[in-house]
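Shared between the two complexes below is chain A, which has chain B as its partner in the first and chain C in the second.
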Partner chain A sequence: MERIRRNKKAVLCFLMPGFLLYTVLLMVPIGGSLVMSFFKWNGIKNVPMVFVGFSNFKAVITDAMFWHSIKNIMWFMVLTLCTQLPIGLLLAVMLSERFRGYRFFKFAYFVPQVLSTTVIGLLWYFILMPTGVLNTMLQGIGLDSLVKSWLVDKNTAMTTIILVNTWCGIGFHMTVSYAAISGIPDDVVEAAKLDGAVGLKKVFHIIIPMIWESIISSIVVIVTAVLKTFDLVYVMTEGGPNGLTDVPSTLLYKEAFRYNDFGKASVIGVYIFILSVIFTVISLRITKRERLEY
Partner chain B sequence: MSKGMRKKIAVLLAAVMASAGLSACGGNTGADGGQDAESKTETKTDEAKTDSEKEGSGEEITIRLLTRMSGADSGTKLKEEVLQEFQEKYPDITIQDESTNDSNSFTNQFKTDVASGNVADIIQWPGISIMKEYADTGVFLDLTDLIAETPDIKDNVDSTLLDMMELSSVGTEGTYALPINNQMEVFYYNKELFQKAGIEKAPETWDEFYDVCDKLKESGVTPWVVGATNAWRVVHIQTGLLYKMCGVEKAKELGGRKAKWTDEDVVETIAFIQDLADRGIFGEDYLGLDYETEKAMFVSGQTAMSFDGSWRIAELKDMEDNVGVFRMPYFTDREEFKDNDIAYPSQLELGGHLKDEPEKLKYVWELASMFASKETQQRYAYDCGNIPVRNDVELETDKMSPLLADLLTIKENDVKVWGSDAWAYDTVAVLEDIVGEAFIGALTGMTADEAAEQIQSRLEAAGSGQ
Partner chain C sequence: MNDHTRKITKKIILYLVSFFFLFIFIYPLYFVIISSIKTNTEIFTSPFKFPSEFHFENYKTAIEIGNIGRQFLNSMFLAIVTLVLTALAASMVSFAISRLRFKGQGAVRVYFVMGMMVPIQSIIVPLAWAINNFDIRDNYLILILLFTASHMPLATFIITGSMNSLPTSLEEAAIIDGCSIYKVFTRIVLPLVKPAIATVGIFVFMYTWNDLLVSMVFIGKAELRTISVGLLNFVGARKSDYGALMAAIFIAILPPLTMYLVLQENVVKGLTSGANK
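After this line comes the complex of A and B, so read on.
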């Protein structure tokens, strides 16, 4: 094994297929998107692209809809971070007690992660529609005042989608945290117990510090996943009503496939890329902490 | 590797992960477009060479179709019959049917084809003036000569419909589509619910309509549910109102930029829809309901009326004895527009690339023409409840739906001026979406003026390429 690792040609041979695929399928389209953002093109092959410099960038940055979508995605990120990760962690802590039947719950909480986002979107769309299960249930228990068009009401539409997204993602973060908690040596836990670290003390002073690396990973995953959110929003509201639930990626889709403006769509893609870099750096900075060795 | 370097790489990888999702996202939506798997058929028989191969260069011919006639569409069965008929005549020609009923999937598929220069041979692209962009860039083929050389089409297809497909009014010479069906839009009403509410006759004016709605509400029925989640449901209502308030010419003026969406009379149509909503005519939750739910509510008797196209007739077959139709009411102070009404023609376009493939074009045109043949149009009427696009189709009343018979009577006696979708007269391809979003905005808090302003400013931005 060591001999192979020292052989640079062999290493290159192993790396090359993956690198080529990565370059062709990811880097080239990203580069193409960057180039296209400087052009105006209506998506018709035999119509030449017209170089317009930075005017697409200016058009997007001065568009109120774009800023509205940024506001939505920020709210999406904050609420997801405040719900998905803590709930996932809480479930992982509870499951790590390995009570009777914990495997069933582990499976049950993970199931939404297995379902396709389209299925989840449609499922919740039907639950949340005015004549859907949720409103029927609320009426059934006499809470008629709470009945509303969840995906239309400007006070609830975006938050409802975010909470559905939280529901889908909890299982993933629960699994990551559970695996990390399982990796904490028993003697550390036992020693902490003898020192009186039980309950919340154990969670905040033993578990969280010792699985900090996995929490950072979860935060980065949430930040990047939220910025590319598209399918759930598109299936549930298509960004409507009247752009109320638009996020940058649904706006990108509309610019390209509805408004035939591939230049502006590419600019939105570039902005999303820049945002993802910025937020990843910020989240890594904020969560910076010395790694605990044990 | 240093710690700093490791962190930089981690940041870069995470950022790439995020953008990778985006690039993948665009690709996916365009590539398959959620195509209706059931409709994706490819038929070919390996029988002996027949006319097409003998006459041709010997190369195999494959004809690609991208239409909306798929799945639940009323024309699906008919399309399959036409394709089968064509296939029987030319067994060595391969038909690749990529039709999909879902409008988003259809649009994605079409636009991806256009972007990649791989346009289907037969396309069912909606709208009229918005064909201009594709006509000017050679995506669609000019059918003027083909129509002129086909007496069966030239002499028998309704000339007003053929004229609608002619684009000279928007600065492009030629006819770029062949009409294959024509749809009227009317109110369908539940006779039993009307009777229970004590309504004796269908309304003709808006004042009568309000009386009808009041009586229906008193009887505990939502008068007219609109599945506003699909914005086109509201767009169609506004088009109908526009024609009754300002006449069909107004839509043409809007399309030709001689009028603006912010004009007082146009704003009035938006305010009128808001008023209908405020009166509770659409019910409480219509903004969260979609078209399918709207239809289901009409069938189950939860709502008494539905404003819809004649494409709905086939779906109402099981309850057609309990359903009646009436035209959109008129305004007593604007009687001059009483006989203006909506008709939505549906048409087939041919791919522009066919001009370089004369041999193939012959077969493609023959297949397209079969959809407008006398026989097909007759079947369209009997099986799907569609209004024929030809003048020589004789229909027997006992073989067609009573609803279609009623529509044909209205068409014959009451309607003098036809207009298509209001947005269809504009060359800006995205106007339908712009209008739809603004109307929904008007129903969710914007004023009618703000909605009109939103339409006008976005339209101008789209038109000027900003």
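After this line comes the complex of A and C, so read on.
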């Protein structure tokens, strides 16, 4: 038995295709990204890359646009955490009342999750543009003072994009929380009911502590997903007007394919990667510590 | 307030909130569908009303001028081939990790999990370099392999988890009966992890169908564009032909939406599978 499981030829056979593919097309490029961040290159074939040491890193660190994009992504994380999570939880708690038709609502609320970010971006763009549905609606109910160019106005542009992102993700977190709530043992719920834990009390003293692990995993998902945001911002505003709504990944794209500064783009890529690793490690640490015993 | 009225108020509130969110989540979809058969003026003057007459010529414009049909097929091809390749490669790797014994097994497992932290943007620049230097722009094979590689970590994670939960007694009996390790894989283990493979298949299909960034960087020729890139180009080219744009959008969401309508809970499982890592 052991001999068969240790068969070297079999190991190579099963492991190699996936291993090579993954290494050559995902892990090597990550290394390549690090290497390229020390070079200047304009993206043109046969133009040699020039070693420039840390100057790309310096250029990015001193770039106000970069810090603005970091500020945007942090606001993105905070606002997403404060909206997606509570609304998802609210819907999950509601649906777990299992009222007539709850399956239909659960099904419908998940629909945005199925659509592509490109489609969602375009769709909301048409709803939010100056002559779009939202403004028509506001005018229709006499709220003319609220009519705005939602995606251009510097007070609303970033927040509007973030709220559209919230719209996409609520279904996801609702589903995760709903599954966790369904997993709470019945005797716990019954005992709590006898002790007088109903309504909000039940939510805060029973449900939330009992599904804490799933909430933490939702937080991890939000933080890492927000960091990777590209499509939605690119589709809705391309990071504009004038970099107002740029996030690191749209900045990376522009540095590379608009300004042909691949060195600087690489550096931004490296920063995104480092942030992603840091956030994941921190979140996993927290998850381990907070694991609830019952 | 007695118990009965309290129950009724609770019900009313539940339904009010439920329908409010139903409107918020479903209205944009409804808007696409009705607008795709409206004239330009009618779209924004009455964004809630059902169209007064059906204008199916919007779909004709989307297909003939937007070339959405071709892009639909391109994306379908990419998504399906990527799905098959990912499921195959990830099952094989998972089998090695879960069932074979070799030096550095733990390290290999961690190595594959690590990839889940790699944001795809971080490899865009080296990719652009490779595209220029190896002349691989518009090469669908490379594009498919690239998609496959990027889905390997999560796919391997899911399938390995499923294999680990299987008892080994079945395979051991088969091996004693003289079954080779390859047959154990194809005849015994693979059929048992079908649900996990379905989950992987669904998320790979969805993510590939929805990809924007990689295809945008990788594809140059108009006739090879994927549907997401095609949509953006169409919007750029026909800025105010909203009816046709909505028709194009509706075509683009048909496959994922149909999949969701048919497979329901399985799609939910596929798309939330990243949450349990």
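Rule of thumb we're sticking to: the second predicted complex is superposed on the first by the 256 of 294 C-alpha atoms of A that agree within 3 Å, B and C clash if a C-alpha of one lies under 4 Å from a C-alpha of the other, contacts with A are read in each partner's own complex, and residues count from 1 in each chain.
FYI, contacts are C-beta pairs under 8 Å (C-beta built on N, C-alpha and C of every residue); 3 or more make two chains touch, one makes a residue touch a chain.
No experiment lies behind these values; they were computed from the predicted model shown.
Using the contact criterion defined above for the overlaid structures, shared-chain residue A:59 touches chain B, although it does not reach chain C. In the superposed pair of complexes, A:33 makes contact with chain B and with chain C alike. Contacts of A:192 after superposition: neither chain B nor chain C is touched.
Partner contacting the larger number of chain A residues, of chain B and chain C: C. In the superposed pair of complexes, A:158 makes contact with neither chain B nor chain C. Of the two partner chains placed by the overlay, only chain C lies in contact with A:175; chain B stays clear of it.
When the two structures are aligned on the shared chain, A:7 is found in touch with chain C, with no touch to chain B.
In the superposition on chain A, contact is made by A:280 with both chain B and chain C. Once the two complexes are laid over each other on the shared chain, residue contacts for A:92 go to neither chain B nor chain C. When the shared chain is aligned, chain B and chain C each come close enough to touch A:252. Residue overlap on chain A between the chain B contacts of one complex and the chain C contacts of the other covers 26, 29-30, 33, 43-45, 131, 224, 227-228, 230-231, 249, 252-253, 256-257, 262, 265, 269, 272-273, 276-277, 280. Those residues of chain C whose C-beta lies close enough to touch chain A in the complex are 11, 14-15, 17-18, 21-22, 24-26, 28-29, 31-32, 44-45, 47, 89-90, 92-93, 95-96, 99-102, 108, 111-112, 115-130, 132-133, 145-146, 148-150, 152-153, 156, 172, 175-176, 181-182, 185, 206, 209-210, 212-213, 217, 228, 231-232, 235, 242, 245-246, 249, 252-253, 256-257, 259-260, 264, 267-268, 271-272, 274-276.
Chain B meets chain A in the complex at residues 7, 10-12, 14-23, 25-27, 29-30, 107-108, 111, 114-117, 133-134, 137-139, 228-229, 231, 284-285, 287-290, 293, 429-430, 433, 437-438, 440-441, 443-446, 462, 465-466. Within the complex formed with chain B, the residues of chain A that make contact are 26, 29-30, 33, 40, 42-47, 59, 128-131, 149-152, 154, 220, 223-225, 227-228, 230-231, 240-244, 249, 252-254, 256-260, 262, 265, 269, 272-273, 276-277, 280-281, 284.
Against chain C, the residues of chain A that register as touching in their complex are 1-2, 4-8, 10-11, 13-15, 17-19, 21-22, 24-30, 32-33, 36, 41, 43-45, 91, 94, 97, 99, 101-102, 105, 107-120, 122-124, 126-127, 131-133, 136-137, 167, 170-172, 175-176, 214, 217-218, 221, 224, 227-228, 230-231, 234-235, 248-249, 252-253, 256-257, 262, 265-266, 269-270, 272-273, 276-277, 280.
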